[in-house]
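Here come two complexes built around subunit A, the first alongside subunit B, the second alongside subunit C.
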Partner chain A sequence: MAYTIPKETYSGKVLGLEFGKGPKALKVGGENTLPFLSFEGNIPNKPVIAYEIQDILPEDWPDTVQKQYTAVSDNPVKWAQFCQNDLKAQAVALRLIGTHPDRGNRSSEDAAKTVKDVLSAIEIPLIILGSNHIEKDASVLVAAAEAASGYNCIIGKAQEGNYKTIVAAALAHNHKLIAMSELDINLAKQLNILITQMGFDKERLITDPMCSALGYGLEYTYSVMERIRLAALLQNDATMQPPIVGDVGMYVWKVKETLASGADIPQWGALEERGILWEAITATAMLTAGANLLIMRHPKAVETVNKVIEELV
Partner chain B sequence: MALSGVEIFKLLPKTNCKKCGFPTCLAFAMKLAQGQIDLSSCPDVSEESKRVLGEASAPLIKTFNLGTGAKAAKMGGETVLFRHDKKFFNPCVFALNIKDTLSDDELTKKVDEVLNSEIDRVGQNLRIDAISLEFASNDSSRYESVVKLISQKSPEVPVILNCKDPSAADRAVKAIADKKPLLYGASEANAEAMVNIAKTNKIPLGVYAEGLTALSALTEKIKGMGVEELVIDSGARKAKDIVELNTQIRRAALKKGFKPLGYPAINFILKNDPVLEASIAAVAAVKYASIIVLSSIEKWKNLALFTLRQNVYTDPQVPMQVEQKIYKLGEPNADSPLLITTNFSLTYFIVSGEVENSKIPSYLAVMDCEGLSVLTAWAAGKFTAGKIAQFIKESGIENQVKHRVLIIPGMVAILSGALEEKLEGWKIVVGPREANALPTFLKSKTA
Partner chain C sequence: MLIIGEKISIIAKKVREAMMNRDPKPIQELAEAQWRAGAHFIDVNTGPAEEKGDELMKWMVEIIQEKVHSPLCLDTTNPVALEAGLKFHNNQWGRALINSTSNEPERFVMLELAAKYNAQVIGLTLGKGGIPADAEERCGIAAEIMARAAEYGVSLEDIFLDPLILQVCTMQDQARHSIKAIKMFQELNDPPMKTVVGLSNISNGVPKTMRSLIDRTYLTLLMYEGLTAAIMNPLDKEIMDVLKTTNVFLGKTLYAHSYLEM
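And then the complex of A and B:
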């Protein structure tokens, strides 16, 4: 019995998406095969990692990751520049967490100003994220989209409860958009349909099926991503063909395994490496499931996952 | 390859005698095709049919143990490419590679690391499952004595003899044949000698060839020589090759019924940087490896890899649940806050994690809602005022706290009125909708 490569034939493909402008603009997606299976398809673009920064001091980030940014994290402009110039980031994701009513309740105008300042200080593409407060995001992201007009940013996240205004703003100011639903392929599909029904091109969408950290539901995210990719490729389901984002850092750097010291739980070993690896493995699992874009926090974890990507492409 | 119900039906007596407990032979055939019953339930099936069905129902990926005894690890037997289609059955084995060139002291330390690698997580005992002993000294008496040393220090831990030299392998295998080690290192160059060792000592053989064409030709040859328990190494070392070749192996075995690759796969991931090594190992763990050989096993690295393996090998059909009870987070006292949520394990993990983040010692009442999340349980009528009231009263928490304040999830704020009626003497406080707001919420409550 001679061996022949068991190839799958796919009728669909993942949509390619470009963000940012000028020479540093990036492209993700575009593959017509399951993740990294080059023997049966083309994978024109590598996955991209964006460094997460935020508009207020990252006091809620654990020390392991907070201390990486002590010199710059009091100012999002300095922080973004540090990512671009010192960490050689491909992209930055600015989370406007300070607009959350429980986290300082910064106004939309303040948020818009932060966005403008950051944009004029960097050349790499910017992802603009709200605070994940449904009502507040609806106004904050509209102001942010306007402030970033012309920069071809990714903004998000549009969710079932607030997508209308956010979609309209992304449409008006020519941005790409993250649509997020909670760990359910049908909800992801439905939200993408609702958004495209507003006249928003599916070519400009990114699906966020909601990330989960290693040990805290990672397998749910993993399987939802795999199923979205299979639907896009095997069933040629157009609504499931946008690239996928994994918002890794914010889910990882709050679980016990990234917080508890080695002295507290000796059988868990050193905290620093444990936290870094927790983020790297969560991110790697997302890549193998189909994520095209990752948002991460720890420079060492990003560096590791970039090496994994180099091995995977 | 698996037969369909109709194909099986053709092989049955077709008398509809009902002795199997089914009304017709066809009904029986359908159940058999789904793997829900055993052929032996039909007393009248012919020997010829038994043979054909037996062959067809043999697992597409060979199943056998690594090692013997309590710590033996089952490998192979997988039935799907994607975990959501059914589940992954036999969790991958993590093995530490040790070279026989280390001093006896260093060796002992490494073995101790393996023995001390056990961690309990979510009710499971997890550990580094095996030791891979690499023949690097080029001295077969040294190899033999190291094998003996390791097996004496860790008699229960399965051993992989990582050795391509048949004469050294022969001595080492003989020294611990009763432990049923896996002899890794059969290749085109040494196949005959290695097969002889495996046959004589009744042990499984690890087979290596560069690429799947060469590998499948070699496994056929070795099977022809009489060894059937094989572990296969495609030569993949880079993450891309691991994903591509492991996928091809699994697909060929399951979708094409291609027997020459229907064996557990082994991946060697030996790097200087432990974080990178673990990340590449993660690729192998999600993408079909049965054995993953590592060069170091720091505790933090083990915890992450064990957790990943546990995640990937959970049964996606069964909602993950935690036990119904009042959980103590931190060291709560009679004045500490009391929160309630459902027993969906993800819900529990997230809520308990956020409460712990708040650093405010609390009681978390986790109610059995058949593993549903808060909103789903409420919608399904399992997380109702009546049931919550009953649970709280029967839980004994009234003897543990002095106050009578229950914090309910913001998602079910609607329950608060009815709950105050049903739970006499209690005040209901509506908590945040999202768990990530719990730290702020709890701090403001106790300030």
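And then the complex of A and C:
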């Protein structure tokens, strides 16, 4: 007797979301099956990887990644163009880390100017991220949303402590929005509910359940993402159907395994290769858990994960 | 759990008058309100509908589905009326549910209609012997209904077994028997048989202020045993809140502080 593949049927569907504008606009989500299980359903859009850049010199990034961008990282416009033109990036994620009170405390106006300059220099979609400082982000992201008006960006991250002003700005300037909670499935759902209750369409939301690096809580992120997807697909939970983002790079490039040199710990092997693998493996795990959009740093890691995507889709 | 909205019933004076006068508005409003409150099916109870029952049912199906995009549960003992409803039922939003067949010979025709119109059907475990004494007797009747369904070409997956809920105020032990029957029905087949109850039967005859409490408490016990569907009042917020909370306990809904608002 011929073997029949057992198939699960899903009652729900991940929402599709488009960002950017013009011919380079991107679409993520829209699948009605678990990640890469295309034999069970339809996966209309591949996961997308955005290159992370920032508004100030990436002095806190380890050498392995810093040196990839030495020629351009003193200027976010050049950096964004490098990603677009040289690295063939599909999207760029601009982190306004310099607005953090402990990292230079740049003003909202300065941040808004950076956003404007970057947007006018590239054609690929832009993701605009704050510095993850609850109070400061509430003003920085509002200014950034206004500066990016008409570009259909993704802005974030709206959190429990600041979502109201950020949601209002995303609403007013027609952006997509990342809602982030800290590794708590119930809070992730609650935040999505609160945001949609403000009149923000769930079709314009992206869920960030908070990323973590391999060896540093990856399994927690994995479980939360997986549970979100199961709620979306098997329980048809409308609040859990937005696409998921994995903000991989910032969690990976600070752990010991991406910092310690091969001379210090010979049994771990060469640092550069190890760091790239650490980011690629963390990112791949996020994809298999359900992430639709990844934010990453090292070009080699991006290349590796893109290859995985090509082979699995 | 599937909710079958019970409010459109000939027993309600307002609905009865609207049916008699062919006044669509009150019926459409009730259908829409139940749908918005979360009903997956709208029950359309036209009773025995002896005179021009077919015309009435056809009219009901059309005016309700004009406003509400859900399947209907056609609730009449008149097979001619039922067939008229099935003929005009729009299956775009799901297949109709027939309420109901049983082990009484005059209800076998409902299986014939289910097969003919590819509808689902409620199998009420009631036979010639009157009210079943316990869960075991209900299972015996269920097995006969299932065997007959197979004869008529109705898939077991299209049958919802109904243990027949009786009023707790005069037949207290039956409340327990019906709960047990819900559990046992599922074991009659693999995949498990679907189940349904007419929830408010449990509180028939009790003081009006206690009905909702009795209904919703009973509902949690039935849901715990795996109940598939209930004919109930989705406009009763207290019942709906208990249903949603039970779904959280049973892991069918992901908890969030605002889950009651969803």
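Criterion: the second predicted complex is superposed on the first by the 311 of 313 C-alpha atoms of A that agree within 3 Å, B and C clash if a C-alpha of one lies under 4 Å from a C-alpha of the other, contacts with A are read in each partner's own complex, and residues count from 1 in each chain.
By definition in this document, a contact is a pair of C-beta atoms (placed from the backbone, for glycine too) under 8 Å apart; a residue touches a chain by one contact, two chains touch by 3 or more.
Given the structure is predicted, the values throughout are model-derived calculations rather than measurements.
Once the two complexes are overlaid on the shared chain, A:Pro35 sits against subunit B while remaining clear of subunit C.
By the document's definition of touching, neither partner reaches A:Glu59: not subunit B, not subunit C.
Look at A:Asp237: by the touch rule set out above, it reaches subunit C but stays clear of subunit B. In the superposed model, A:Arg227 lies in contact with both subunit B and subunit C. Taking subunit A as the reference chain, the count of touched residues is higher for B when subunit B and subunit C are set side by side.
When the two complexes are superposed on chain A, the residues of subunit A that touch both subunit B and subunit C are 227. Residues 252-258, 261-262 of subunit C are the ones that touch subunit A when the two sit in their complex.
On subunit B, the positions that touch subunit A within their shared complex are 82-84, 119, 121, 212-213, 216-217, 220, 238-240, 243-244, 247-248, 251-252, 255-256, 258-261, 273-276, 278-280, 282-283, 286-287, 298-305, 307-308, 310-312, 314, 316, 346, 349-350, 353-354, 356-357, 434, 436-437, 440.
Partner subunit C is touched in their complex by these residues of subunit A: 185-187, 189-190, 193-194, 197, 227, 231, 235, 237-240.
Contacts from subunit A toward subunit B in the complex involve residues 1-3, 5-6, 8, 34-39, 102-103, 132, 212, 214-220, 222-223, 226-227, 230, 254-257, 259, 262, 266-271, 273-274, 276-278, 280-281, 284-285, 288-289, 300-301, 304-305, 307-308, 311-313.
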